[in-house]
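Each chain gets a letter, A, B and C, in the order it is written, and its residues are counted from 1.
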């Protein structure tokens, strides 16, 4: 259905098809203006990359360690030593934990609101969930640190006690707070509104006819969701997850407050420690010297490139899925 | 006759099948609760699980087995799915309500008239009192400028994508709008800092902050506007074009007005999205304790940076003020959200 | 109370926003005779360690001089110096002073200047702990270093018990908190450990915590909140953050001259004895962390204001910089520090500070 509208929109949008070769001056300037706005987006993206590269180069030139594998961060020392290994590891681990939890639960809430709750109740719930997307991340951080973390420390201890034979859950320090796991859990709560709000919108767009048809054929509600809803909304669900991932990767202040930031790759995710790109920038920015500042910009550039790659992959998956989707 | 009737009966039997009685769910829930209570009271447990978790597992398994025995595999799966979806809802809503209530309780303790009508000028960090007026005005101004810049650009770009765009340029713009949506907020701040402040084009100011917010807002505005313009029926465009109306007039007079409520909603949701951003503002503004309405010169505080500042001062009075400001910020966003939703509900196109 | 605050708020609003004679009136203009007031506004940024002291000074100064507006942003020393060098601010606050290459840049920023370091705010770094039954915990630098290096991990360790005879030390693991962000506080604390316990503290001193173990918290506010909320914990914060805490107490430090309590007075003794290493009016200090003088609390930090002795452009309001710093160095300004948990500059050093401030050019 949406494809056919696109087609007609395209033909209607073709100026040549309407008034022959004569494009009026008003049209031309309006086209120029709107195209300019579009090109501005490309220009801004290019400028972000260009300026970050430009300001990152001075530190990369004096870095005496391998920028990708070095585990310490002492850029203002002479000789300057810094690398992103710890930041990349921490960012990756917290984002994975957040996504493992937030994606299924986010889809669950969205399904609940769209197909299980009464419409009015569902709308009110959607509103509350949307509202949480607006809670400033520093508040999530404080709440995570003083309210949430004490309450779930026992969960982390349980993980170590019963699953400690899995290396990542082992805990040699006998401390279960301020860990990558905690940061990941708080991030999960933070990205939940993003994931559920977008997937809810997608679920609500599933054509009524598909739903009714499958129910009429005797499908249970779950079969209807599996057979009518998921195939139609898969691209949207993926983009919801990816947007959530984007937020998890770039979250700054909550992570800075919760993690006990250290420069050491520690695979024991329940122990205090860990770090992330964004949190490290917030923690080091104020006291950083000239090289330090430039090094932080370099790490910001890497974060930018990672989010770029994530979004490109998401786009690619969606484009591929669309071709096979039965709904279209 | 009789053949038809027996056939009908058989068909009915197949269609409805044997179902679990309605009382089975509360009964199972009650049973699970009792198991949970026993676990709680005796202290006996399986691999250290909490009584509540055990009760939930008992309920889920009990229902699945009962359903499998009586209703068959398909309905059993459906029941498991239903229970799990209800469970995700409860699991998710708990922290979400918890944080809202925390902010509400802590924030309300400092809410009074003074809190909204005074600034922090000449208020010591250790004293109670003072207020958020300057920060609120700063947020209004920074977010206002960001909106004034982002909405026209975003709308025009969306018009390009929907009405004009074709070929490679459309593909790349559309692609990078998606990518731009994922730009981390601290990177937006770093960009404005390196491109405009380090190069001396701008000072740290409300305007620099507004530009950083623009980076975050523009893609959101483009995406939502694009969706709204797409649902304007093509009949309207074609009818107007057939009458010989120039395309730019069709867009400005017919397409945009038809979609206007949706466009406003999109813009307001974008506003709500950036109002609570802290990280980019820390790199692009100076904090002030006082009102400064000049966004181009001097320090200007906003609600998120006010919260940041008060928390880092570490006295009980300042931390209380931070919670109060957080509640005020959430209320501010709530009002914007509510206004957007009401607009959307009232003027949403009825077609589809 | 409430009413005065409304008044303060509204006059402030008038001063900056409206500049109308009608609202400028009020009773405040009479008090402007009090100090040598300058008018206009300046921006300053830097050390967060002196953030609350600055706020108090600014409040007092602005009350006396209602035509002046001073913004001090606690962005951190590094960012503060950078913004000063980039001519974004009229003066900077720093925990370590500017020297070497930074000083050259600052001089250049002051059109030849020179730029000078003026020590105006002292601080004591309190070793804070949360033990319900123990008051007046005594620690030596050696034991302190072992605790923070995680070689002593229990409160009832013999080394701690030997220093605290008669106190009921619990058989509990020490929960150690340090700063997770870069800070001058960590810099001075680790410099102290390096100077006094070099055999135990083998880590490089610096703004970033590099020792293994313990838990990091962002900012002194979160360190003190973590210590206050965690039983059997220990941490280090500026003394001013100890104010209003429920469960947290400061330890006494014994550098060899007997245990000394962390107070404004005991820290002032150490700071007053610091040697000046800068030249001319540049009052860069070198603190003697190993001091054994009686009643001198050894873990201190000094924060400086970096200003242009000459060469600050007129639009950055050198008159207001001088007037404000003169107030800060006055008896009234310095005595305010004590009430807010900071440490005043005293003795001959204070005289040198006043000479330096009076040397600042006003045009």
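The definition used in the following text is that contacts are C-beta pairs under 8 Å (C-beta built on N, C-alpha and C of every residue); 3 or more make two chains touch, one makes a residue touch a chain.
Just so it is clear, the structure is predicted and the values come from calculations on it, not from any experiment.
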| said: Edges wherever two chains touch, nodes for the chains themselves; is that graph a line, a ring, a star, complete, or other here? | reply: complete
| Any idea whether B-C or A-C has more C-beta pairs in contact? | B-C
| Taking each chain's centre as the mean position of its Cα atoms, how many Å separate chain A from chain B? | 14
| query | What whole-number Å value describes the gap between the mean CA coordinates of chain A and chain C? | reply | 39
| query | Considering chain A alone, which of its residues make contact with at least two other chains? | reply | 282, 285
| request: Give me the residues of chain B that touch two or more other chains. | output: 198, 311
| remark: Multi-partner residues in chain C (2 or more other chains touched) are 48, 225
| task | In the complex, go through chain C and note every residue touching chain A. | result | 48, 75-79, 82, 102, 173, 175, 180-184, 206-210, 212-218, 222, 225, 229
| note | Per the touch rule, the chain A residues reaching chain C in their complex are 72-74, 77, 145-146, 173-175, 177-178, 256-257, 259-264, 272, 282-290, 292-293
| Which part of chain C faces chain B closely enough to touch in the complex? | 1-2, 5-6, 8-10, 12-13, 16-17, 41, 43, 45, 48, 51-52, 55-56, 58-59, 62-63, 69, 71, 73-74, 83, 86, 88, 219-221, 224-225, 241, 243-244, 340
| said: Under the stated contact criterion, what part of chain A meets chain B in this complex? | reply: 2, 5-6, 8-10, 12-15, 18, 24, 26-27, 29-31, 33-42, 44-45, 47-48, 51-52, 54-55, 104-109, 111-112, 116, 125, 127-140, 142-143, 147-148, 158, 161-162, 189, 192-193, 196, 218, 220-223, 225, 239, 242-243, 246, 249-253, 278, 281-282, 285, 296-297, 300, 303-304, 307-308, 310-312, 314-315
| field | List of chain B residues in touch with chain A within their complex | value | 15, 47-49, 74-75, 77-78, 81-82, 84-89, 91-93, 95-100, 102-103, 152-157, 159-166, 169-170, 172-173, 175-188, 190-191, 194-195, 198, 215, 218-219, 222, 230, 234, 237-238, 241, 246-249, 251-252, 272-273, 275-279, 282-283, 303-304, 307-308, 311, 326, 329-330, 333-334, 337, 341
